[in-house]
Amino acid sequence: DEIGACLITKTDINPFFVKMKEGATAASLAMNIDLSTYAGKIDGDHETQVQAVESCIASGAKGILITASDTKAIVPVLKKARDAGILVIALDTPLEPIDAADATFATDNFKAGQLIGEWAKAKLGDKAADAKIAMLDLTPSAPSVDVLRDQGFLDGFGVDIKDKNKIGDEDDKRIVGHDVTNGNEEGGRKAMENLLQRDSGINVVYTINEPAAAGAYEALKAFNMEKGVLIVSVDGGCPGVLNVKDGVIGATSQQYPVDMAYKGIEAIRAWADNGTKPENTKGLNFYDTGVNLVTDSPAEGVPSIGVDEGMSRCWG
Amino acid sequence: MTNTQNTPQPVLSGRGLVKRYGRVTALDHADFDLYPGEILAVIGDNGAGKSSLIKALSGAITLDEGEILLEGKPVSFSSPMDARDAGIETVYQTLALSPALSIADNMFMGRELRRPGFAGKFLKMLDHPGMQRIAREKLNELGLMTIQNINQAVETLSGGQRQGVAVARAAAFGSRVVIMDEPTAALGVKESRRVLELIQDVRSRGMPIVLISHNMPHVFEVADRIHIHRLGKRLCTIKPDDYSMSDAVAFMTGALEAPEAA
Amino acid sequence: MTNTQNTPQPVLSGRGLVKRYGRVTALDHADFDLYPGEILAVIGDNGAGKSSLIKALSGAITLDEGEILLEGKPVSFSSPMDARDAGIETVYQTLALSPALSIADNMFMGRELRRPGFAGKFLKMLDHPGMQRIAREKLNELGLMTIQNINQAVETLSGGQRQGVAVARAAAFGSRVVIMDEPTAALGVKESRRVLELIQDVRSRGMPIVLISHNMPHVFEVADRIHIHRLGKRLCTIKPDDYSMSDAVAFMTGALEAPEAA
Amino acid sequence: MSDENRTPRKKQDFEETLGRSDTNVASFAPKQRTFLQSAQHLLHGNPTMVPVIVLIMSIIIFGALAGPKFFSPFNLSLILQQVSVIGILAAAQSLVILTAGIDLSVGAIMVLISVIMGQLAVSLGVPSPLAVLIGFGCGALAGGMNGFLVTRIKLPPFIVTLGSWNIFFALNLWLSGAQSIRSQTLDEVAPLLKFFGESIAIGGARVTYGSILMLAIFAVLWFLLNHTAWGRHVYALGDDKESAELSGIRTNRTLISVYILAGLVCAIGGWASIGRVGSVSPQSFQEANLQSITAVVIGGISLFGGRGSIAGPLIGALIVGVFNSGLRMVGVDVLWQLFAIGWLTIIAVAIDQWIRKVSS
Amino acid sequence: MSDENRTPRKKQDFEETLGRSDTNVASFAPKQRTFLQSAQHLLHGNPTMVPVIVLIMSIIIFGALAGPKFFSPFNLSLILQQVSVIGILAAAQSLVILTAGIDLSVGAIMVLISVIMGQLAVSLGVPSPLAVLIGFGCGALAGGMNGFLVTRIKLPPFIVTLGSWNIFFALNLWLSGAQSIRSQTLDEVAPLLKFFGESIAIGGARVTYGSILMLAIFAVLWFLLNHTAWGRHVYALGDDKESAELSGIRTNRTLISVYILAGLVCAIGGWASIGRVGSVSPQSFQEANLQSITAVVIGGISLFGGRGSIAGPLIGALIVGVFNSGLRMVGVDVLWQLFAIGWLTIIAVAIDQWIRKVSS
């Protein structure tokens, strides 16, 4: 019998969520689920997500998959959904508290950041001690992915990150500055240009995602500096992996949104059929859909996969 | 009208009024006097500064220099509201009506009536029916209007009808001085006549009136004194019985030297 | 002027013109005729539909019914531009000037002069100096203006001066008919006189003129025929030599029955 | 110069006949109308009916598409709940638009105030009622700042509120550190802040206090605008500021009071928004500005000021709510929802314009 | 009725003396002025100077704060590069604002066109020059749609472009699937699309073709607005549409041409934006609308239409660029950058207003 399910993503303009939606749609077809999809209009559009949850409750769905824009504020309305017997699964971004969802299928974003941080440190070797780092973050309002990746990277690179929940409170001299990119090429380029103006010796660039990395690369190219600078990023979308292949990005942490969506739909089917809830990965309080460092130039002590494997598992 | 013998105190006067707009000096040390119960016409070429003068007297513009005296006492109007509170009611050349609002709303703009009792006192609730009734009465009294609906928006009236509303408003509420800036400019023969009768009515209630007009026959018909404005100042004042229209026009346009006395 | 003998063909006429604004019928099967070389005055109460009539004749409003004939041939003006291209030039009651633009720009609005040669032909470049020169000439010719700077924005002029600019524009460019809707309403005595002279000038160049005015002495001074408009239609046309001002006013206001002939 | 009983001077002789002139009022026979024209005429007399009809039509259409679930009291009350915050903002926005202004900062003020209330009550331990009051004060202050810049410095409202939007947003992020305050924390420390999230059940419907608040705000504003002098002055100054000034209204004082009141209404909206989303969320309602403007214009208030009834924006907000909810229930893709809302805005206003035109 | 040589009828007798009337032009002695007033007067005569002075002042201030690096030809050319896309959009926006409208969809049109060009060239294999031309056509069409709704359906531009913004955004997402087209792919398949990203070195400066394009667009628009009849008509209709219509301008035709031209300029901006960001990025430039409006108003073009020089928005865009770059170089937190930009908008326009006022 057909059951209803909802997928609520942050926005519809980020390929990450577009792919997640495609994955969920495909899985729903296979598992005879009637999937409705919702998304905020812009990043941080929390109110629209609340309305989407309410619409799901009203429509009598069995399960909700959500990537929350505001991980704390979404909790009350999700509680209503759970009270109505709906299985709530957080995708990609854990809620606060994490047990506000029945299950969380996510990338460990902090770990994703750590991987690229460690890789960059290992690549630089001794020079890591006087590296000059540019941090290309997401938005001024710093949502949780933004914080986790940024702090993970710095932690992996060996910077004292102080408050783990706060961007920019570090006093490590190696950090040239933080700037925001809105997660797109234009923002990435402008932010890179501005940080380069502050210090033209930058040799490590952290970027929130691959479009921002592509923009940063364009800026470096225009400054004739694309050769000596390590760019690292997070996401693992196909254009991003191709950019690793082309040497635009040194390494990227690949996540698996399609898997998340697929597993989520599977869990909802199971919940509707026999009332079982999914279990967490051992030792974690969520189900880790995994993250892999993709690079063709592996560094010692940092596990990674090659570009070809990355390509075969990329999502967009 | 008795300013022939011992000159009484003017109701409203201005001394050395100056108003500049950028490079233009619209008022250049102009004087002005309005005596009790008289109709004072103000005439002058286009751009002579007549409108600026009455705008200064009614608080619509702030003067650069000069002082205004109301019954001998210096006053300073910082807004048209101040002048109105002092009993000076003005019909501006631009009429100052709110096109989207009804005739009744416009007539009572800024002096709305409230309901009696609780609703009016504490809720400050308006007395719409009362205002409509009075507005209708006032307009009928003037006989100026062929208006069917007092709740009609002013923008649906013809130019002449609008002028009628503005004149009626001033006539109905002025308590000390009524000033009219070209009140008949857009009016037809019949309507103009009504306005002139109205002006005489208002005067016969003892209120002095300032009338700006380019229509010499009208001016000479109703005015007790004529203030001739030229190049931003008062050139002279004359009495219509002492001079002909030709003389007035000659003074006003600079064709003849002005007589001595102001 | 020769419409006494074998009546010539009218330059411009209207037949059964109807224009409604919601519940108001501004024109109610109105007729209109303008003969070559005459000054035709149009008089009527406020709201009689005079402005609507000339707006219809000059393409500014679209008629609900009726037809307009230019030299006997039916025409349909869908915009003021069409009427202007047909040689009908109009001074509207609202003047239709662009306040922020200069006097010269306003005079040449919609018929700008281009530079000679390449710049004008291919780049469509305007001939600013040329337009300024001509505008200054035209205004001087009229003697209407005491304007210092032809590049002054129209909004810096007084109401009278603005009216002068609008009149000068129409007079300078009309080729077949000039229509003026209350051109002297805001003008002073001197300025009005200039406009009347101007109207006679234009007529003496052989161009017929339609003059809407509430000023009976002016109408009777310059008009060859008078079209009396009442309640949205033409009541009658009279010749100023055959009737007195009192008669005209009486017809117009409904105090007397109109004479037979239109 | 003559004495009081002087004989009047002579009129011009042509004016002597005026005594006999016709005093009838012109009247014309109405013309034949087509059905469409008659409908147009009828609605023209009651322009507020237009959004009401659009609302009813959209409810019917979505009901037909989405099935009976759409008509359930629960869903309808849910829509009311969902539009409550945008509705309150639309009320504030209407005030400003009636004065021929526009307020791009309503959403930013609202979120800022919810953050202020939350931070005061939670981080600083201020008693909740006081926190709410201070929040109201700050809302009025924020509105007052806009009003000051508009009236005293004489800047266009668009610019002022474009600037202050950035300013308020920055303050919001600074005060909140971009962190939400959790629902549980509020329950413990300051449940009063969540007051408007509570609801009463009426049949199958669940009407939140927030929805009732929205209706109450519209009712109060309707009274103020239509039955007090202040309301008439707001219309007059929106219609033509200079004329209003000349006809004796202290336009600047009225205008500044409008901005202060709008700020206060936004602050109330901020309180209601805490109840609505259940927590203090500095990232919420980023689209609220444009949605409130959309509701106002769909509700038939003219962007040029001075025209329209305050009831319109309420209906406008409901129309937007019905559309959003209906499109979601029908299962339209987000992308095409955007597309549909775009056309809704254009078409709703086009219908309104057509009605107002009356005859070509 | 008399013949052509009839004696003129009698004037009213009081008019007989007019022949002798004074023909002097009024002239008044100038009053004493304070230094501030003189400065105000001077600038009043040349209002375009105001933004220029603000620009120079902000360059000096940031130069002082950020050190000599700020003044380097390289940095200045970088700012020029960074503002090129917003500058082009501001040019399009200026056209619309001069007609007393506003175009909220400029950014959406620009991104949509860049996506169309990219998809045509890359996914469909259309030769690049053709893809660019089709893009131009679509830009003109999008602008034309706005213009049609504004002129024919007579909707306020704010509403039309608010609606069409959503529509174009939805189309953008639909066509692109939210996917960027990579720089490397463009290099292989359609390098022409990246043309405006190339640069020439002049001394230490690196001037991109995109920057030059922006300057060229402003130059062309300046010529059109000031030296063709079309330009005069645009000003006239922005000033007072009805008067412009009555004085014989086909206002609707002019207005629609303005929207089409604005759409075309946005399309050119779309092409330039591909060069600027290096790839076809459907997610970029979401803030572009408001930034373009900010540049236009800081540049001194009146939101009420008909007033201001097209040179202003160019300077306005540069001011915003200098501010953004300067604040970042000084190392101001992103949050306080928002705050500062908010105040910049308000203060820049306040200075402009003060200059234009001339004497209290």
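Order of writing sets the chain letters: A, B, C, D and E. Residues in each chain are counted from 1.
Here is the rule we use: contacts are C-beta pairs under 8 Å (C-beta built on N, C-alpha and C of every residue); 3 or more make two chains touch, one makes a residue touch a chain.
Since the structure is predicted, the reported quantities are computational estimates derived from the model, not experimental observations.
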Other chains in touch with both chain A and chain D: E
C-E or B-E, whichever has more C-beta pairs in contact: C-E
Maximum centroid distance from chain C, chain identifier (CA atoms): A
Centroid comparison with chain E (C-alpha atoms), farthest chain: B
Approximate Å spacing (C-alpha centroids) for the pair chain C, chain D: 45
Approximate Å spacing (C-alpha centroids) for the pair chain B, chain D: 39
Gap in Å, rounded to a whole number, between the CA centres of chain E and chain A: 38
For chain E, residues contacting two or more additional chains: 12, 14-15, 18, 21, 24, 26, 173, 335, 338
Multi-partner residues of chain C (each touching 2 or more other chains): 24, 47, 146, 189-190, 216-217, 249, 253
Multi-chain contact sites of chain A, meaning residues that touch two or more partners: 12, 42, 140
Pairs of chains in contact (touch as defined earlier), listed by label: A-D, A-E, B-C, B-D, B-E, C-D, C-E, D-E
Interfacial residue positions of chain A with respect to chain D in the complex: 12, 36-39, 41-42, 44-48, 50-52, 54-55, 58-60, 69-73, 75-77, 79, 96, 140-143, 166
In the complex, chain C residues that touch chain D: 20-25, 28, 47, 62, 64, 216-217, 231-232, 244-250, 253-256
Touching residues (chain side chain C, partner chain E) in the complex: 1-4, 37, 60, 79-81, 84, 90, 92, 94-101, 105-106, 109-112, 114, 123-126, 128, 143, 146, 148, 169, 189-190, 193, 200, 204, 217, 220-222, 224-225, 239-241
List of chain B residues in touch with chain C within their complex: 24, 44-48, 93, 146, 156-161, 182, 185-192, 214-217, 249, 252-253
Footprint of chain B on chain D - complex, ascending: 1-4, 6, 8-12, 14-15, 18, 21, 23-26, 223, 227-230, 232-233, 235-236, 239-240, 242-250, 306-307
